[in-house]
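Note that chain A is present in both complexes that follow, paired respectively with chain B and with chain C.
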Partner chain A sequence: MSVAPHDFGDFPRSAAAARFEAWRRAFYRFSGSRLSVIGLGICVFLVLVAIFGESFVPYPQHVTGGIAPRARFLPPSATHWFGTNELGQDVFTLVVAGSRVSLLCGFAVVFAAAVVGTVLGGIAGYYGGWTDDLIMRLTDLKLTIPGLILAMAIAAALGPGIVNMIIAVSLSWWPGFARLVRGEVLSKKEELFVLAARALGASHARLIWRHIVPNVLGAIVIKMSLDMGFAILTVAALGFIGIGVKPPTPEWGSLLAIARGYMPEFWWTAVFPGLAIFLAVFGFNLLGDGLRDVLDPKARR
Partner chain B sequence: MLPFVIRRFLLLIPVFIGLSMLVFVIGRLLPGDPVQLAAGPHATREEIAALAAEFGLDQPLPVQYLAYAKGLAIGDWGRSIQSRQPVIDDLKTFMPATLELVIAAMIVAILIGIPTGLLAAVYRDRWPDTLSRAVSLGAISIPRFFLGLLLQLALAMWLGLLPLGGRLPITAEPPPFLTGFLLIDTLVARDFSTFFLALQHMAMPAVALSLSPLATIMRMMRASTLEVLSQDYVLTARALGLSQRLTIFKYVLKNALSASLTVIGLYFGWLLGGTVLVETVFDWPGIGLYATRAITTQDFMPVMGVTLCIGLIFVAVNLLVDLAYGLVNPKVRLS
Partner chain C sequence: MKLLAIESVRKVYRSTARSAEVVALDGVSLMIERGECFGLVGESGSGKSTLSRLILNLEAPSSGRIAYDGRDLTSLGQEEMRRLRARMQIVFQDPYASLNPRMTVHDLVAEPLAIHPEAGYRDRGRRTVRVGELLGTVGLKPEHMWRYPHEFSGGQRQRVCIARALALNPEFLILDEPTSALDVSVQAQILNMLLELQTRLGLTYLFISHDLGVVRYVAHRVALIHNGRIVEEGPVGQVFSAPKSDYARTLISASPELALQALLAP
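After this line comes the complex of A and B, so read on.
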């Protein structure tokens, strides 16, 4: 009786097939976790709402600051699903419109921090020596200062506005990426395939771009997805404190801050924007957690 | 052990210098003209110049930094340009409130996070594990300020069980200042009714603050327990017929705990900065509220003072954690 040569039977024939196989397995593992799939569902839903939601809101005039003084503080009903606020604006409309600001800001923060952190961490890890020392000491220092207070100070310094707020938060966000990328580059730099490429006379630029960066990208993407939820949370927190996105631009944190003054009678003005923040952060955290389980073999247990 | 301790302490000096420089730069980033703001809209040019001279703001920046650093060394952390109070006095007033809140939150987080994390690891991939994953992700995801508002809405406004905010009611007589921790000071003064009032006021902010460290400690504890469970000595213990209870409590728990120590140390520092939101919601008179006020009035000495103070506590806590590590694990001492 012969045993089927199973180990050789599904051996991928080409690089493309191998990659496809790896993705198929990753997808299989990912979809095996119910929480991860729920997270993916929430994120897809939120992204769709952020892109298309504004075209379908019942009161588009409220997005740009229009008010309806006669409809102040109406409780949730069939015409106003989430009720209306102190200006008579439809809370459902504002929450839907706010998704675009929150998601865009969250993504912008994470992306900017990833770019800065990757460049600095990459330089530190690749060149080593005193550049490494200098960059890493700066990173350590940044990590001792609480990010939120740093972001508040920088945001206050730059003045109100979405772009300034994004700059402020990402300036306090990059050290995490720098540390991660430095560690990854340090370990990849010594791998055989990099040494081989170097022995063949590859330039620094080629080594970095062709051989090291593609292998570090996975870790960066995982961290970006893990950080996305917290970035949204930080943006909302700054809005809540009153530094950051200002009305009339609808933003979940500042909606919540205004609504605070009208509790407990008009609780719906606070609860729905708060739930929106929670849902977004929860969804991205679930997704990030699931992605890490699938893509990072070290974390899989 | 002693050389290790000394080396760790010497390493603090460059950190202090770097921190003070960074803080100075951040303080200097603040916009507008704080002197103009403090002097008021009707101040004459001479009055503004006099105020600037009084605070040394007419000097070049490196000179200002040196003066600031010299002051830091002798305990003069500058003055608030708004209240004219020395920053160090303000910090002494507001810091204990924040520390008390953070410590209370950490105690809640540790007391709940450690056992549940252990449980999740022991019942891995079964319902306690899934539940703990969902709960911890939920706990990390709910914004502290939103949770605080929900607690206020439910427990204070609707049910009237707990006070809305603050540390004590205005009518209550605060205990004589000893540590600045109300819970300790009232006990020392044997003022039990005030003690319970303080406890009531602290309950909601402490819970709101504790959720995210709780979740992290739970996850960390789960991961480190799983790590320990896969070790050979656990297998040996089981092979020798030790009961599950004995294996877990005598061999696994102790080793799993030491890995969670780092997270607890790190989180302590982060929470000091993270209290801003909770303090805002609950009107808790701590450094978070103080910093927010200073930032919005562009009063940079307090901002620098708070940032520096939190940075120092963060570094100190991490040093303590390192030392505790060195005590537990001889390998750390030698590296």
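After this line comes the complex of A and C, so read on.
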């Protein structure tokens, strides 16, 4: 062959090296924005607290419902960083311990909603026709009812309990994912590289799993991260109105709900759980924005 | 010997039942002989790309017949069609859109081998060796197989697309404006490579383009398509030196390069 080989300089030597290189570059782009790095930091911190925090809290007996009547409503101090509540429990201990339930519930909701929404939205977008109409009318139905009200109704119907609450919130959450995924699949399906694969004789399974899903995954991950904060907020709101997590299990929303009665003179009982919720919402949103910069080719540059 | 026979093919699109029809192809008939490079020239919207989709059986003609190697495409079963797809390949105009951005060059070039296990590349290791060979054939280095498409220039990506099209040793290649998106200098490299590959591998080309100069350079025979109809067809020399239709004359006189050549000709 007379064509001279092109020179590209450095190159990865294997599939693994190529994947590593792609990740390294993605992280480089991600770290270009200070806010996304802060978001990632907050999220990593919260997850670490949720996993290990309970082992290091100063008053572990308060996590399981222990009370200290003589230490009621102590303001923040060196011994009680966030003060104590109406039962004399250490608010710092409760907020740290509550992170596990709040984050876990938030993640469970978003994950379940993403799985259901992706499958249904994917079917609607890929196959179209009457299945598309059916699934999309179902999501329209959801749009007519505010999410929180729907979640409350389902939670009330299913009865109290963490699992029921997660089911209730996910059921009101999946249509957002379904709409996103349907739209993405519809546009990716028309991409030239999908047509090229069809011309090669690729099966539906290959078109979906090799060509469409990997190109839609970015959008799903971004929405998951952006929704994480709101899901924690919704779980907290349900805890606030008394559906879902029951005392003594500490959870940010229910901590806030109880503290409401003692505002403003014992402000620390409400402010610190509130700040924790704020931090989580803020952190996951920053992370989502950063991921969008990396994963969404349309938003790039 | 004819490889592809297109007989009075008509393709009509309509978006909804009540909207007006758009006639993309209106009674197109063409014959492509084995081993030739057949040029198809037309403006955008003339039906060139529709025709290539019909030949690949990605869409069915509204009426008419397309026969590949004597067999009517619409009569083929799924499995027969899949096997036939190994014999004809396409290279698209836009090398940025026609490569999946989430796949490495290795996976892209190996994909036809994976889709067609009957070609004898069931084993992943053998596929990788084959990918290396193919990249060499199109003037890339085998080491670059682990890169992603966005790391390449337009011309390099088009080489990847060509390597992918050659993977299964096809006999027929549809080149749908393969160089239109490229710089002029890169265009020439790719065109020369395509010509060389054609003689070396005994390929048959359907070369679709809006560029008369390019078609004149590569094609043996040429057809002009305008508003979904073939307005002129014949050997390249004849069509360019003695065009019969008004449209061909307009087109040729509108090409400064060709007009100049005509003036300078004795």
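By our rule, the second predicted complex is superposed on the first by the 262 of 301 C-alpha atoms of A that agree within 3 Å, B and C clash if a C-alpha of one lies under 4 Å from a C-alpha of the other, contacts with A are read in each partner's own complex, and residues count from 1 in each chain.
Please note the rule applied: a contact is a pair of C-beta atoms (placed from the backbone, for glycine too) under 8 Å apart; a residue touches a chain by one contact, two chains touch by 3 or more.
Keep in mind the model is a prediction, meaning the values are calculated, not measured.
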- Tell me which partner A:S55 touches in the superposition: chain B (first), chain C (second), both or neither. neither
- Task: Applying the touch criterion given at the start, work out whether A:A236 contacts chain B, chain C, both or neither, answering first, second, both or neither.
- Result: first
- Note on the structure: Winner on chain A touched-residue count between chain B and chain C: chain B
- Between chain B (first) and chain C (second), which does A:A199 come into contact with in this model arrangement: first, second, both, or neither? second
- Look at A:F278 in the shared chain and tell me whether it touches chain B only, chain C only, both, or neither; answer first, second, both or neither. first
- Message: Between chain B and chain C, whom does A:M152 touch in the aligned arrangement: first, second, both, or neither?
- Response: first
- Item | Shared contact residues on chain A - chain B and chain C | none
- Message: Using the touch definition from the top, list the residues of chain A that touch chain B in their complex.
- Response: 35, 137, 140-142, 144-150, 152-154, 156-159, 229, 233, 236-237, 240-243, 256, 260, 263-264, 267, 270-271, 274, 277-278, 281-282, 285-286, 289, 301
- Query: Contact residues on chain B for chain A in the complex?
  - Reply: 14-15, 18-19, 22-23, 26-27, 29-31, 130, 133-134, 137-138, 140-143, 145-146, 149-150, 152-153, 157-158, 223, 226, 269-270, 272-274, 276-277, 280-281, 291-292, 295-296, 298, 303, 306-307, 310-311, 314-315
- State the interface residues of chain C toward chain A in the complex, per the touch definition above. 56, 58, 81-82, 85-86, 89-90, 92, 94, 97-104, 106, 111-112, 115-116, 136-141, 143-144, 146-148, 151, 156, 189, 192-193, 196
- Note on the structure: So, in the complex, the side of chain A touching chain C is made of residues 1-8, 11-15, 17-18, 22, 191-193, 195-203, 206, 210-211, 214-215, 297
